[in-house]
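Multiple structures are listed underneath, in structure tokens.
The following pair of complexes shares a single chain, chain A, combined with chain B in the former and chain C in the latter.
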Partner chain A sequence: MRQYFGRKLLIYALTFFVAVTVNWMIPRFMPGDPVASMVARARISDPEAVAAMQQYYSNLFGFDQPILAQYFNFWGALFAGNFGISIWAYPLPVADVIMDAVPYSLGLLIPSILLSWFVGNWAGALAARRKILDNTVLPVGYVLTAMPYMWIAILLCWGFGVVFQVLPVAGGYSFAMQPNLSWEFVGSLFQHWLLPFVSLFLVALGGWAIGMRNMIIYELEADYSNYLAALGAPHRLIRRYAFRNAVLPQITGLALQLGVLVAGALVTEIVFSYPGLGSLILKAIQNQDFFLLQGTFLFIVLGVLIANFVIDVVYVIVDPRTRAGMTGATT
Partner chain B sequence: MRNRTRFLIPFVVVGLAAAACSSGDTTPSTQGSAPAASAAAPADSKSFPRNETLYSSGTMWGPPANWNPLREWDSATGTKGLLYETLFLYDATTDKFQPWLAESGEWTGDKEYTLKLRSGITWSDGKPLTADDVKFTFELGKIETVPYHNIWTFLDSAEVVDPQTVKFTFKEARYQQWANHVYQRAIVPKHIWESVKPEEVVDFANENPVGTGPYNYHSHDQDRQAWVKRDDWWGIKALGKDVKPKYIVDIVNSSNEVAMGLLLQKGLDLSNNFLPGVANLVRGNFGVSTYYADAPFMLSANTAWLVLNTKKKPMDDPAFRKAMAFSVDTKRIVENVYGNLVKPADPTGLLPQWDKYVDKSVTGSMGFSYDPAKSKQLLADAGYKDTDGDGFINNKDGSKIDLKIIVPTGWTDWMESIRVIATSAKDVGISLTPEFPDYNALVEQRSTGKFDMLINNERQLSNTPERYYDYVFNMPVQKLQNTVNFGRYENEKAWDLVGQLDATKTDDVEGMKAITSQLQKIQLEDMPVIPLWYNGLWSQVSNSVWKNWPSDAAGTPKTPPTMWRNWLELGGVLTLTELQPAGA
Partner chain C sequence: MTLSVQDLRVYYRTLRGDVKALDGVSFDVADGEILGLAGESGCGKTTLGKALIRMDGRMKLVGGQVELDGENLPIGDTVKMNPFRFTEVSIIPQYSMSAMNPTRKIGRMVRELLDSRGVTVDTDELHRRLDLVELSRDVLTKYPLELSGGMKQRMVMVISTLLNPSLLIADEITSALDVSTQKAVVTTLKGFRELGFVKSMIFITHDISLTNQLADTIMVMYAGKLAEKAPADTIVNRARHPYTQLLISSLPEVGVRYAEKKLTGIPGNPPSLLNPPVGCRFQDRCPLAFDKCREEPPAVEVEKDHFVACWKA
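On to the complex of A and B.
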């Protein structure tokens, strides 16, 4: 078991290293110079003032050092928990900007991922081998899963926000409120959360339902099912076995899909201008904010890696074969 | 078994449908979205009652991160205007200065300006505003990184005569620029700012701002900035005016589409976003109105110029630049791209508010308009021919002309505009390709002079056309041209005239006209930049909560309806004093 997790952790560490390095490189090789544009935005014409300002900012952001030194400084600062200063929201530290956004993103992602997974698997399992259900769940599932996140988000936004005017179209909570502990505020949070959540939930739901339906059909056709049936086992029992086997690939699928779901959430946040990480990434790119971009990506990479690790652990728990394999390997 | 679960079929179908419209099912109790819901809420400090709050947007594109009025380009909306105030306001419609923090200010000698402050003005921490604060504010400009550093190239000293009086002595009297400074510089409290280190003044986030203005800082979050009215604002007594909304919440823009959605939901009272197609909203019954009820709908805020890099061939040739000017189909841009939300510019590029400075005899004989035949003729006369038979003209030495015109990617209206410009240039035989680099990349090309053509509108309406001529003719050309004369045009005579204009007193309109007329002649002869259209002061208002918005109708205020940075001192703050609750 130790070997298994050791190997996994090593892979994650490597992924992390590569991701962070790429993450550091990309913004620096984008065209344009953030300091130059910061100075340009300041509308200063006096050449001395321009030079003074340019030097000040280059020094502040560490751009005046050799590129390799910048890279090592970056790692050093990273372990000190320092992500630098945001250029877009100057002079706020990147860590603060991100921490403000993280609760919103997590609040969207965790419920939508988990709920869509559970509901999708449940619906898919029910649908398999039931003609009428199959005829409804399958097409609906295909339509949902084929829908781009952005498109369904825009549809919902337009429908419930503009046409029916029952739900807000933008923001994390009402513009008329300040965060406080009251039912009213929680209600407002919920109202603003609902549409982005539903759009994420729906798209993911379709994929899980289709996957589960196919797996169940496959498992019901398997030899062990036929054998059980021949032995006269109750149908319910066979289905339970089939479900357990079918759910395993779905867990792997969840690990694989995490990245896609996160990306979907980013797009959805932008549509609803929901104040999470997705909106931040867009702003960071638009404003060539290296540090914010690095910070948000880092956060997402970390998040996806951690989630994957959790799924690994869950897999060991739900699939006895992995445990058997591990003991076999260690002895 | 099979039969037993069949009853679940409709349940699942309904469940799926319910998931799809759960939002519809669960909300009837809280109908009417957020702002409406809170209107009924008790007026505790944690929420803003709808009928006392003005919601605005269109200014901030990032979270409010500083309340430093020196950062006139990215401080939180209202930092200058609502919180910090200027000595004067300037009204562009009537061309008049209105004393604000100042009681009066006049030139008491050729090189001496005396400023008297109003008495009884206090900072929000209770300390009085004194001449020391004014002197301190202007002396901050001695720090190199402060944006108005260049003031000290012509200002010699600022002296405190008594607590209400400051005397400015000048090395060189630049009346026009000074007039600009007296209404644009926000006065900051010395007793707080003197403890900020000089090198940090520009980076000072100023999280607990203390100002003299009608509003105090209330709160902020990533996507909003809230202000609360100050009950002891000096203007209530001194001017007999008061700002009406108790709270102002300025919403950070994520996109213009979101602003449009909020406006239609009546969650926004004042949208200073560019909303393409707003004409349909104004004409249809959507409860949205603009300054003019018909085209151009908006007041003009600045001129969009076609900037030509005069250091590159063939743009170094005035004949080519003129031919270019005749080739641009501005009417098509105004009608098709903007749907008549903007107005075509005068050949001089001076805004309608400066119409009196336009010498009609000069523009009459030398002006230009869309005329492809004339454009072709000018090119042929100047010796540009299609020598290699590819359908496009070549340089006089036979080399190919292959030019690029750039605007930042994502600025959709400008992107469409340069497509029109490129097409009409092709019609006269100039090979011109539109390109859309990233904004920062464009800024770099622009300041280093590595472009062929671009569109720019950074100079805004102000008290004097001198600021526009400074933009066009500023000399000497530096290695980096960050704010003015991007085309690197050099003309000693013109720059000398701009200096003379600067040294003309602001009330000497005839003297100013004599100089602007000469400048216009040079401009139209040499065509260093080509004025295209007047961008609007984008402003869409909703009458659902606040009424009496400025418009051209009789009996309404004529002040600019905007929260844009640097516009509150152009009368934007007066708009707030004229508002009336719609319910009353």
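On to the complex of A and C.
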């Protein structure tokens, strides 16, 4: 057991190192010069002042050092908990900018992913039981999965925001408000949260339902189901076993979904101008904000790794076959 | 009389028509009798075994009566059949290796299965039977994948017979085992009958020599019909049906060198059961076939307990 997790942790550490390195490299391959655009923002025409500013910013962000030194400084700062200063939101530190956005992203994504997983599995399992349900759940499921995230988002935006005008179409809360702890503000948060949530929920729902339906049908045809039926076990018991076994691959799927969590909602957040990490990534790219981009990517990498690790642990608990694999590998 | 099957017809529904896998089979199995059911692939032996306990969705009961201990078995009605399963009729399936839920500990699975049938587990009895098949008691706290193939087989044998069924169907249970394990399985099954765990048994196999070690009576089937049924010795030594004779002669004998005498198979293939030939179904492969074989031969009792369906017998 310890060896199994030790090996897993080593793999995770290696993945982390490679991923963070790539994250560091990607922004630096982008065309354009962030310092130049910052200076341009200041609208100064005096060449001497421009040169001075350029030097100041280059020094501040460490761009005047050799590229390898920048890389090592980056790792050093990372372990000190310092993610650098945002160029787009200068002079706010990247950590603060990200921390402001994280609650919005997680608040949107975790409920939509988990709820669509639960509802989808439930609907799929039900569909595998009855022909009529199967004939409705399956086509609806296919339509939902095939729908692009942004398209359903735009559709909802247009329907509820423009035609019926019942829900706001942009922002994380009303533009007329300042964040505070009042019921009014919470209500506004909820109103703004609803449409992006529903769009993410609906699109993910179909895939889960179809997957679960197919897995259940497969499990109900399995030998152990046939044996139980031959011994007169009631459908309830057979279905319970089938459900439990069918849910295992779905757990893996959930892990992968939780992993790509932030990236998955990027377009949705942009459609609804939702102030989460997705919008942040877009702004970071538009402004050549190396540090913000690195920071958000780092957050995503951590998310993927943590989600995977949690699922590894969960799998060991729910599937005895994994446990057998562990002992097999150590001998 | 434990089991009495009268003119059983079970067809498989396919898009091209009905496959007549069992086409009018009648036989009896007495109390305490072990009936060996032999024949080549596709002759309907597994269909017969399944029909007696649980038909799958493609199978259709076309005709026939089955009585067990004087009671009519509603084999065509899967819901009405349920009270009989496990308690009266039980099966050791072909697929013992994968018959247990891989994600449940065996003991828990057995408990849940019995609970669902409204029976409480008699732990002492269960332990006694595990001892009997030489399984250690901690298999109950293990998952199926922690057991070897032979252990799984024995575990399934114990589970299937736990409620002392009147009739046990053992469907090709030795096919996946090596020879020494086959012998052990046969001995165990005999023991089960001696101890009264099962009253009578239908042992389905394609291996006639193994059947001979276990069965009191052997029934040979061909293309969905009964070819010959007789006490085991009679089938092996004095078979009357040309198919049985050919089947026996194609078996190797221990101690005989086959340098001079080549083993003969049976040339040809069984007929399609979608449109079986009129008359005797073996006529196309039969060395003795003559004009009369266009008519269907009835199963005749040529001597006591010896039934043959052949005009030449």
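Heads up, the rule we're going with is that the second predicted complex is superposed on the first by the 318 of 331 C-alpha atoms of A that agree within 3 Å, B and C clash if a C-alpha of one lies under 4 Å from a C-alpha of the other, contacts with A are read in each partner's own complex, and residues count from 1 in each chain.
Basically, contacts are C-beta pairs under 8 Å (C-beta built on N, C-alpha and C of every residue); 3 or more make two chains touch, one makes a residue touch a chain.
Values in this document were obtained by computation on a predicted structure and should not be read as measured data.
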Contacts of A:Ser37 with chain B and chain C, given as first, second, both or neither: first
First (chain B), second (chain C), both or neither touched by A:Gly171: first
Touching partner for A:Glu184 - first (chain B), second (chain C), both, neither: first
First, second, both or neither for A:Trp193, with chain B first and chain C second: neither
Contacts of A:Arg236 with chain B and chain C, given as first, second, both or neither: both
Partner chain in contact with A:Val162 - chain B first, chain C second, else both or neither: first
Chain B versus chain C as contact partner of A:Tyr149, first or second or both or neither: neither
Touched partner set for A:Phe61, first chain B, second chain C, both or neither: neither
Which of chain B and chain C A:Phe290 touches, first, second, both or neither: neither
Chain A: partner with more touched residues, chain B or chain C: B
Common interface positions of chain A, toward chain B and toward chain C: 234, 236
Sites on chain A touched by chain B in the complex: 30-34, 36-37, 39-50, 52-53, 56, 86, 88-92, 97, 100-101, 119, 123, 126-127, 130, 132-133, 136-137, 140, 156-157, 160-162, 164-180, 182, 184-185, 187-188, 191-192, 194-195, 198, 201-202, 205, 234-236, 270, 273, 275, 279, 283, 286-288
Residues of chain A that touch chain C when the two form their complex: 222-224, 226-234, 236-237, 241, 244-245, 248, 318-321, 324
Residue ranges of chain B touching chain A (in the complex, touch as defined): 1-2, 5-6, 8-9, 12-13, 15-16, 19-20, 22-24, 26-28, 30-35, 37-38, 41, 45-50, 53, 55, 61-63, 65-66, 71-74, 144-147, 149-150, 199, 202-203, 205, 219, 221-224, 226, 249, 251, 254-255, 258, 261-262, 264-265, 267, 410, 437-441, 443-444, 446-447, 458, 474, 478-480, 482-484
In the complex, chain C residues that touch chain A: 53-54, 56, 82-87, 90-91, 93, 95, 98-105, 112-113, 116-117, 143, 145-146, 156, 159-160
